[in-house]
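Take a look at these structures.
The following pair of complexes shares a single chain, chain A, combined with chain B in the former and chain C in the latter.
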Partner chain A sequence: MKKASNLKFRNESALGWLLLLPSFIILGIFVFYPMLKTFFLSTQLTDLMGNPIKFIGFKNFSNLFTSDSFMTSFTITLIFVFFSTLLTLVMAYLMAMSASQKIMGIAVFRTMFSSTMGVSVTVASILWLFMFNPQIGMFSKILTFLHLPQINFLSDPTWSLVAIIGTTVWMNLGFAFLILLGAIQAIPQDLYQVADLDGASWLMRLRKITIPATSPTIFFVTVVTLINAFQTFGQVDILTSGGPDYHTNLLVYAIYQDAFVNHSVGRASAQSVILTIIIMLFTMIQFYVKNRKGANYANE
Partner chain B sequence: MLYDGDYRSYNAFFNLYVIVMTSLHQIVTIILLTTIIIMTSMAFERVQLYMTIELRHLKKKYDNGEEVLTDINATIENGQFYILVGASGSGKSTILNAIAGFIPINDGTVVINEKDVTQLPPKDRNLSMVFQNYALMPNLTVAENIVFGLAARHTAKDIQQQKLNDVLNLVHLEEYKNKKPGNLSGGQRQRVSLARALVSDAQIILMDEPLSNLDAKLRAEMRKEIRALQQQLGITVIYVTHDQTEAMTMGDQVMVLNKGKIEQIGSPLELYNAPANTFVADFFGSPSINLLDVKMRHNSFHLNDQFEMLTNVDIDEGQYILGVRPENIVISENGALRGELTHIEPLGDGTNIEVNIGQNQSVRIKVSEQLDLTLGDVVSFNVLIDRALLFTPSGQLLHTGKSVSAVI
Partner chain C sequence: MFKNVAKYVALTTIGLSAVVPMVQVHAADSKRQNIVFWHSMTGQNQQAIERIVNDFNASQTKYQVTPEFQGQYVEALPKFLSVGGTSKAPDLFQSNEISTKQLSTSGMIEPMQTLIKKYKYSTKNLRKNILNYYTINGKLYSMPFNSSAPVLYYNKDAFKAAGIDDLPTSPTYEQVTAAAKKLKEKTGSAKLSILPYGWTFEELLANQNQTLVNNGNGRKKTATKATFNNKAGKNIMNWIKTNASAGTLVDYGTGANAGDTELSAFTSGQIDMFMNSSASLGNIKKNAKFNIGVTYLPRPEGTKANGVVIGGASIWMSKGKSTKVQKGAFEFLKFATSAKEQAQWSIDTGYFAVNTKSYDTKQLKDAFKETPILAAPVNQLKDTKINAASKGALITAMPKERVNTQNAMENVINGKDVDSELSKAEKQTTSDIKQANEQAGE
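Right, the complex of A and B next:
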């Protein structure tokens, strides 16, 4: 009896590994190998072709932290991440709250609000490129109409970052809206009925019912939007190419520039490792909080 | 004049005077007292709640044309435990929501305390509510949940605290004050919900199947507790349930609903003893009433062309429905009816059985002793015909209990 079950177990585990094999191969080629190679390259001095020449330890990293251009792009990235996440969250939450009302025709707005999810980064960026255009763009037309001085959004050092943030927020809105709408709609209606009977104010409902009930989702959306923001590339490439004068040179774009324009692969790898660590940190926080919350909500 | 004449006449006059004055004084006192009593009682009445709820011609249709409420009329008196009972989809919760003001109604008026509140928002109706799923905010403590309404109405903090302590005492939850609802059992959560409804000082509490998420034992306990609290505080409760036991045991008045229509309104025993129709008869009682198709011929009911039950009830010959409660059947050696035992439920303190009397008709019988029977045994029994109900073929009540008396 025992032998038979052992045999069965061995067979089953062999089958399991067999079924896992394709994913392992794919992940290995496209994820694990590049990742390890990046870690390796970040410790190397590389030639123009990206070949490692010599082990230099953490030299690439220490160089980065003393380099002005990296520190600039790092600071800009933090500013960008902060504002784009905050704006996305606040706007998506307000949109989700208004779209969760039971009004005739609200479904149209729900579709409209979530529609940006289906637009690819490139298409969205080109769309906004036209809107920001100083001659034919919508924004310049509006400024003219309001008799305000023209702003060249994409070549002004301050406004270019604003433009990138605006574009990113617009693109992230759909996803954040959809997830938050789901969370808001999942709140039991009777909680609001209690508030109705007692005549609780709008603010009290928001503070005591809506936000607490959606806080796990808010947190999830924050982290995902944050991670997305750190990885922003397409908008920068199409709208400003990191300009003017590196004012929109976000971290991923800087990595791309270093690796494929400046041909300093070691430096680019070191930046990638830093970015990886940052994102990993946020992911870990998210997992930690999720598990803790999970324990809390299990009783519910 | 007064001193003219003899002493006697003076004395008599004085006596008369005294009598008149005393009676006058008495009359004045009585008048004064009654005015005071009437005035105070009027004042009392004005402050203290002459809280009737009237539903006048309530109608509700869904957008797809489906009628959920068709012409609901009812008056709920102050201090009544009023139960709305019916199967799911009968419209009982819709009525409750209409009273609370959560849903708009298509037609009719809701009058609370002689004031038309049909167009008022829920917060101006002076009601509170206990929900099926407790509706407690998981992020707030028991105390915070209970004072939620007081806080929303900006009651002073010290009054909040005092009321909180009073009500916690009332529902025996003092030591759970600082716990989150997630750490409480179902019964405790429902008590918190009850406390929240009580603390608001609303004289009308709506309850939407508050006990349906509790297990049977706890439910029985909470039934008693809710009823006792209602009596103690003299509040009006409108209670929605699908459970006939809750309706029977708790209600002063019960409204039986079916597909958006009122089948009957009455006290629990009225509904049990004189149900307006077969629906109501079938709704109350466990096991449910036997509704037997009988023919009236020559002063006796004929069942299945096989059994005959003599009666002196004065009705035309023809087809009727005889309603016999399972407890109004006695098993006896030489019963007028007999059939094969198809189902037996020993309850310990009694037995429920089902007997097939042929032609796909079953009779449910409830006896208060333990029976030693096996499936397939032939059971013979008598129907206590003077306790039976008689319905027309369309199910309307014709005669109740005693009037359908037996000859034998």
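Right, the complex of A and C next:
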């Protein structure tokens, strides 16, 4: 009897492994192998074709942390990620709240608000490139109209990052809006009715009902936007190519430049490893926060 | 019923996907020797390169050249490096001038000199300055194909309206600045653009007979140091600074499309002076609704123009290909650089004809008569003194050098100090050269 169940168990687990095999193979080839190889290459001096020549330990890393261009990249990436995620979230939430009202023709606004989802990164960047043009761009015209001094958005060290953040937020809005709108609409209406009976203010209802009820979705949107922000590439390439003086040289763009333009695969791999660690850290923090929150709700 | 339709569709798809590759294999198996040619030409230039290939295929029956677009130069190079030396490598590969050092030392290519000797070809009709760029230690490594050099473009109508005389053939920085100031006075806005772009800096340096790196611009032996933090480098930066602080300079930044933005700003009359490749002349001619002026690259007052370094690309032959392929590939290169083909190529694209005999052909003579401004870039190339500076720098770290000088230019436009920016860019470039040399085992 015991033997039979053991056998059955073994068969079942064999079947389980068999069923998992295809995804293991695919993940192994396309995710785990490249990842391990990147870790390996980050400890190597590579030749101009990207082949490892000799082991140099953590020299790629120590070189990075003493190089001005990397430290600029690193700092501005963190600033960029923080502001683009925060702004996307706040703006998308406000848009989702205003679009969840039940008035006539609201569907038109919902479509408009989510329309940036249908624009590819390249197209969006080109559109914004026109708007940032120092002579005929929309922003330049507005500044002239308001008699304000001209700002060259794409070549000023401070404003260029603002320009990239603005473009990115605009591009991310559609997706974040759509997901948040769905969450807000899924909140049971009777909660609001009860709150109305109690005479709760708008702010109170937002704090006590809307935000808590949508917090899992807010969490999801934050994670997705944050990871997206770390991987920003297209808008940097088209708007500034990392300039002026590395002030928009976001990490992924720096990695691309080092690996494929400057042929320093070792240095690029080291930066990839750093980026991986950062993203992993953020994800871990967020999951930790989420788990604690979940536990709190269960207690209440 | 519908289920069955779906099944048939699926089966047909699978069936076709099995048959199609066989058909292709069959096509390649015909008597003609197939020659794969990777290039990076887009738009108008792609049509022009395909016309040359089609003409070649129609002109004989032994070889069939297949052109394959592999993305821009920056994208195509890593692709080539990852298949170089294997059977998957293309037979012919077009690559830009700054990859010369890397490709010549990669061990994946057959020096053009070997083929020239083997098939007894003479390069005497090809333009000397262009050959010089691709010649290392007396050996030609790749076949010149599409070459260009920078010139200064200006809007003659705008100059007239502002009461400014036309610029001379070889203008000075001071003359350009004076014109820019007058234009600003008359129109109220900045009308000169100097794009923060490493290539522009290199060319302005060469025009003052100053090398970018040591050891004869890296041509005598491997360069170990950048050498542009000097009088010549400062002249360039001060010229930029003068215009930036006078408010006569428009800055289009460093984005991937900044060059296109600058070009369309010129053709639509927002700016009246800028420097760009002579290969843009075709485009400008087509889109500008005013009289265009073309001059040599500017120089500081009191110096003589040394001339320019050629830019553009050349065609490389892969190593380890069969004699039959080599022979066919070389036949194609001879065809593509012949006087007639280069004349048409030059008219179609705006690149120089690399064959000097092209300028004796009727088609090019007619084109010059019709648009005299075509002559300025060619004359500038003819007047260029042949020396280490005009041969151009030969280093692998070129892309990094460009970013470093570009950053310095952008910082100077934004008001930073010329001396410290130049010294920073030079130091960084030297360290980049050292790193690249270490990577290459030199």
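Please note the rule applied: the second predicted complex is superposed on the first by the 249 of 300 C-alpha atoms of A that agree within 3 Å, B and C clash if a C-alpha of one lies under 4 Å from a C-alpha of the other, contacts with A are read in each partner's own complex, and residues count from 1 in each chain.
Following the convention adopted for this analysis, a contact is a pair of C-beta atoms (placed from the backbone, for glycine too) under 8 Å apart; a residue touches a chain by one contact, two chains touch by 3 or more.
As the structure is a computational prediction, the values presented were derived from the model and not from experiment.
Superposition of the two structures on chain A leaves chain B and chain C fitting side by side, clash-free. A simple residue count on chain A separates chain B from chain C, and the partner touching more is C.
In the superposition on chain A, A:Pro216 makes contact with neither chain B nor chain C. When the shared chain is aligned, no partner comes close enough to touch A:Pro52: not chain B, not chain C.
Within the superposed three-chain model, A:Ser160 lies in touch with chain C and out of touch with chain B [touch as defined at top]. When both complexes are overlaid on chain A, the residue A:Val261 reaches chain C alone and has no touch with chain B. Residue contacts after overlaying the shared chain place A:Thr240 against chain C, while chain B stays out of touching range. When the two complexes are overlaid on their common chain A, residue A:Leu129 makes contact with chain C while staying clear of chain B. The gap separating chain B from chain C in the superposed three-chain model is 38 Å, by closest C-alpha atoms. Interface residues of chain B, counted against chain A in their complex, comprise 100-102, 121-125, 127-129, 131-133, 135, 137-140, 148-149, 151-153, 182-183, 196, 200.
Chain C contributes residues 74-75, 78, 81-82, 84, 102, 105-106, 189, 196, 250-258, 261, 265, 270-271, 396-397, 399-400, 403, 406-407, 410-411, 413-414, 432, 435-436, 438-441 to its touches with chain A in the complex. Of all residues in chain A, only 45-50, 53, 126, 129, 133-136, 152, 154-157, 160, 237-246, 257, 260-264 touch chain C in the complex they form.
Of all residues in chain A, only 188, 190-191, 193-201, 204, 208-209, 212-213, 296-297, 299-300 touch chain B in the complex they form.
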